[in-house]
Amino acid sequence: MNSPGPTAEQVQLEVYRKVVTIRFAELRIREHVEKEGFGGFWHPGIGQEGLQVGAVSAMQPDDYLYYAHRGLGYAFAKGMELEPLFGDLLGRRTGSTGGKGGGTVHFADASRHVMGQGGTLGSSFVMGAGTAAASQLLGDGRVTVVFFGDGASGRGTWHEAALQASVWKLPVVWICENNGWALSARFTEQSPTEHVADRAPAYGIPGVVVDGQDAMAVREVTLEAIERARRGEGPTLIEAKTLRIRGHYEGDRQPYRDDPVLGDEIPNDPVHRLGEGIADDVRRGIDAEARALVDRAFDAALAAPRADDSVIFEDVWA
Amino acid sequence: MNSPGPTAEQVQLEVYRKVVTIRFAELRIREHVEKEGFGGFWHPGIGQEGLQVGAVSAMQPDDYLYYAHRGLGYAFAKGMELEPLFGDLLGRRTGSTGGKGGGTVHFADASRHVMGQGGTLGSSFVMGAGTAAASQLLGDGRVTVVFFGDGASGRGTWHEAALQASVWKLPVVWICENNGWALSARFTEQSPTEHVADRAPAYGIPGVVVDGQDAMAVREVTLEAIERARRGEGPTLIEAKTLRIRGHYEGDRQPYRDDPVLGDEIPNDPVHRLGEGIADDVRRGIDAEARALVDRAFDAALAAPRADDSVIFEDVWA
Amino acid sequence: MSAAAATTDRVIGYSRAINEALAEEMRRDERVWMMGQDIGRLGGVFGLTRGLLDEFGPMRVRDTAINETFIVGGAAGAALAGTIPVVELQFADFLFTAADEIFHKLAKWRYMHGGQFTMPVVVRLPTGVVGGAGAEHSQSLETIAMHVAGLKVAVPATPSDAKGLLKAAIRDPDPVLFFEHKGLYRVKGPVPESDEHVVPFGSARIARPGSDLTVVATGLMVDRALAAAEQLAPQGIDVEVIDPRTLVPLDIDTIVSSVERTHRLMVVHEASRTAGFGAEIAAQVHERAFFALDAPVWRVCGTDTPLPQDPDLEQACIPSTDEIVTAALALAAI
Amino acid sequence: MSAAAATTDRVIGYSRAINEALAEEMRRDERVWMMGQDIGRLGGVFGLTRGLLDEFGPMRVRDTAINETFIVGGAAGAALAGTIPVVELQFADFLFTAADEIFHKLAKWRYMHGGQFTMPVVVRLPTGVVGGAGAEHSQSLETIAMHVAGLKVAVPATPSDAKGLLKAAIRDPDPVLFFEHKGLYRVKGPVPESDEHVVPFGSARIARPGSDLTVVATGLMVDRALAAAEQLAPQGIDVEVIDPRTLVPLDIDTIVSSVERTHRLMVVHEASRTAGFGAEIAAQVHERAFFALDAPVWRVCGTDTPLPQDPDLEQACIPSTDEIVTAALALAAI
């Protein structure tokens, strides 16, 4: 969908296809975690796939992506195959990290500019700004997109990155997935302002609030922000309002939560919204293919060998 | 001047007395550095004494002070004597740190709630907020005032402290001495907004810009902010516009600077402004006393013994 | 303390022991309070602070935003103002997101200001490898805290020590980094009933007396060393296992006198080998007991690698009981 | 390298050598660029980057705001995008204000992502005691960098090594922490004329051959060890001085073979003694050469204290030539 000239309809179809694929992936992973468990934690992104895919659909293939820890929508939308993603999750040699990831993943794909993830929240603020500084220096015309949660917005790295990126007019776009929770902390109790985007003026950059359940709207504002960045006008802070449907990690019983949305009733479900404009039979066809793709990839990942101990000594230094 | 009921005139006289005393201290220290030098660096605060004294004059004796590294105005205004301050500067056993400070000082006075200073800029943002959190917990009615420079405003600790302090409505007041420079970096080149205070709305707190050369104006806005904090309404960010008259440290030749104000021509000199309302003879009397006080204290500090090596093993642990 | 419980001891978990210490000290001293992420409503990511919000209210059990520099730096400032903050970082690794606050502010404020202030802060640090938490959630970083003067460092290995050392830490006027091992949270053991079960810093525990080889181990490694000792006993090697319990202050005397009897020492730790605290213990023992040693001090340690995000692979990065046995056999044979 | 200059060597300062390395590497490779505080217009607080802004322009010599997490974390991100950032922190101590970026991002990104990325970042760190800069501006923190796998660590002691190691660091695909000693900036020495004067990491330099006692020293301590050796020679103690030059990788072989000849080793460093890298070198040498040693390895190190803000007192916290002499005499007498 990044090639020039697809129609609006084509774009929406492709966004739908990716979102629904990730939805099936979410369900498949949950099933696995409930039955088998695996190491680390799985942070489900169900219900947030729409904004992830919508935003990433606005990126060019060469643009850089720093994703957040909630789900796989970002990476899949950026072109990564499901099998290496599942492989990471399951600690398989075929995972994109070659077996060093498992559960909570640090998947990456250098060729697709999926840049990986740190375990400490907020480190991608400064890293993303630095990647954008490299693009500015090289004049490669690339834009860096950084996803983060409402909780991560509290880290000081945000401030250091945002000030410098604004002053240098770095080509970076920050997308906050505000799902209202940071683990057990309600956003409303940890933010003095209504929106994360209210912090943008402090940095002299645009702050945009968008309905995160509306994938195409997220795509639109992201397109604008990316164009602005590519024109050399500097960063934008986008805040996509969404919901955390499940627990912080799969298995979290959320004793702290007074509004648990535990089932699969996803308010304002991005899958449904995207599906609305699509003819029933087309949609059913896409769904069937997506489900098959997920099943094939998950089975293949499951069948792949686990990494043996020798990998622990690989890749410490180049 | 913190006792209830002094007249406006009395207050101004006292602020003048302190400002002019610090001015003489600045000149005495400069003379010493030029002639003898000493270890570390001396960051002159000449020209910024007005705002420092004005602001601190708004504090109660029990309020907590985290000062910045430019000059001695803050500490003297909070009630510290000159001799221990000079003692620190000169590495004397009689310094407030008992000989561990010298040059750039970490003076402190626990009894007067002069809380000291870290060597890394911006660490007082979080420390000051924490001190205020203690006051809130203890219900001791105290307010914490934190000074910092325009340069220090770039550190992420600002963001972490400001968000939390605002949400918790902590009794803390931040005062930025914006002197236009952070070492060789112009504020205008390192800030995306015109004022540091423009960042306040991001934290849902008042941001106030004040003429830092006008000590009494600084006092006024600080009084208001302190009252607000004491009422439990949370932090305020005050930005006092001032100038860095000299180099970053005494001896800095400022090769980077295109507007050197090297002499003692202090634009909008707070000493002159404060002196305007005071009768000549009264002023001359204050000046003479201030000069004598400085000379006595400096000579006494000079005459005091240096610390011997044994102090290095003191105070590592309690 | 031997495995057999004294009559007044209850058998409780390491987590529960920590939770009790917190509650008791908060009851004892009103100045004690806590902050950290998710410690209130949730009771902490590992459940260590459960029930404390209910008992002590939201002003003494405060949930922060995601702001480690505030959690630690704020604690420093709050300590200067007459309170005793006990803060939690969700993972010990996060001391790197608050490193200026820990290694500068906590460690040096008192010193820089000529002893005018004390800094009674406890930073609780869930540490070590468990369950595949990955390279930035599993490290054993206690050596760094040992290298920077001004901090005290506790590394409890049993429920009893977890409780007693934490109570000592809270009562200590100095900043304490308290490394609780995540892999021990569910381990149970005898803990004295008393409210005054305080384990002093700087006193090592001889976890198992022995005559042929001294093994110094901390945290999760103490049990593995003990298990190794049981396997070695029938092979004629009687291992003495010493748990220093605190690294700062370090009870080197107990270690040295053990080595003077056994003539051989092995240090076992989960932290990376290179420049880990095993090197310090080895260096000190060589300095003080060189001529009593029949062989060099050996170290069995974590690998010099980051930790992979996989529960099996990460175990391959830290010493197993088997490795300890193998090394002990080889060392005893020198 | 001996003190005598080869014919093609010029005698230049340590600062100048660093400045040359930066300029040459930026000329050689367009991807190399720099950021840091005050490195442009001012040429750095210590003058190390003078002239570079003029030659390479503001896009390759960028002044940042006061934001160490951006300087290091940004460098990490910029390295992933095909550039080679060489960044300056104004004082080595400030690695604590960017610790997550250094010890997590730089050190582990490659590993965590299965080797898909390389991380060619150099962090220049003006280190050590000079002129009374105080507790948070004077530390020697290289041991910490040695403990965390994934980083490389250089500690140049001479102008020649400063230049050659920095060039090697910039060409290295791994992140390098480059500890430049502030007390050496003005020291002059012979430096080869060549643009290709690259000193490989992991090869120690025998600064003075000797037969009676090996002294391993780094940074500012190398000259003090050499001065001590001159004082000891007339007393019949012929000291071999070894400068490892890099701590990661560490050329332990050169040290061990020296010890096999001299049978005695002393490690001298400015970093605090406890859990400093001297402990690691001591531990390794004991492990590998225990039976060749006539005495335990000794350490002469910085005190276990913060550093006072006073040029005299701080000198009392680090080894002097006299202390080295005294310790060497005592060690030789064992």
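To keep things simple, chains are lettered A, B, C and D as they appear, and every chain counts its residues starting from 1.
Just so we're on the same page, contacts are C-beta pairs under 8 Å (C-beta built on N, C-alpha and C of every residue); 3 or more make two chains touch, one makes a residue touch a chain.
Because the structure is a prediction, the values reported are computed rather than measured.
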Give the label of the chain whose average Cα location is farthest from that of chain D. A
Winner on C-beta contact pairs when B-C is weighed against B-D: B-C
Length of the line joining the C-alpha centres of chain A and chain B, rounded to whole Å: 46
Between chain C and chain D, the Cα-mean centres are separated in Å by 31
CA centroids of chain B and chain C: separation to the nearest Å works out as 41
I'd like the Å distance between the centres of chain B and chain D, where a centre is the mean of that chain's Cα atoms. 37
In chain D, the residues touching two or more other chains are 64-65, 67, 69, 93-94, 96-97, 100, 104, 111-112, 134-136, 149-150, 303-306, 308-309
Touching at least two other chains at once: which residues of chain B meet that condition? 99-101, 106, 118-120, 154-157, 160, 163-164, 167, 189-191, 316
For the protein chains shown, what form does their contact graph take: line, ring, star, complete or other? complete
Can you list the chain C residues touching chain D in their complex? 93-97, 99-100, 102-104, 107-108, 111-112, 134-136, 143-144, 146-150, 248, 271-272, 274-280, 282-283, 286-287, 290, 293, 295-299, 303-306, 308-309
Chain D residues touching chain B in their complex are 37-38, 40-43, 45, 63-67, 69, 93-94, 96-97, 131-137, 303-306, 308-313, 316-317
Note: in the complex, chain B contacts chain A through residues 154-160, 163-164, 166-167, 189-193, 198-199, 201-205
How about chain A: which of its residues touch chain D in the complex? 64, 95-101, 106-110, 115-116, 118-120, 123, 125-138, 142, 144, 156-157, 160-161, 163-164, 167-168, 314-318
Given the complex with chain B, which residues does chain C contribute to the contact? 31, 33, 35, 59-60, 62, 64-65, 67-70, 72-83, 85, 100-101, 104-105, 109-119, 149-150, 152, 172-174
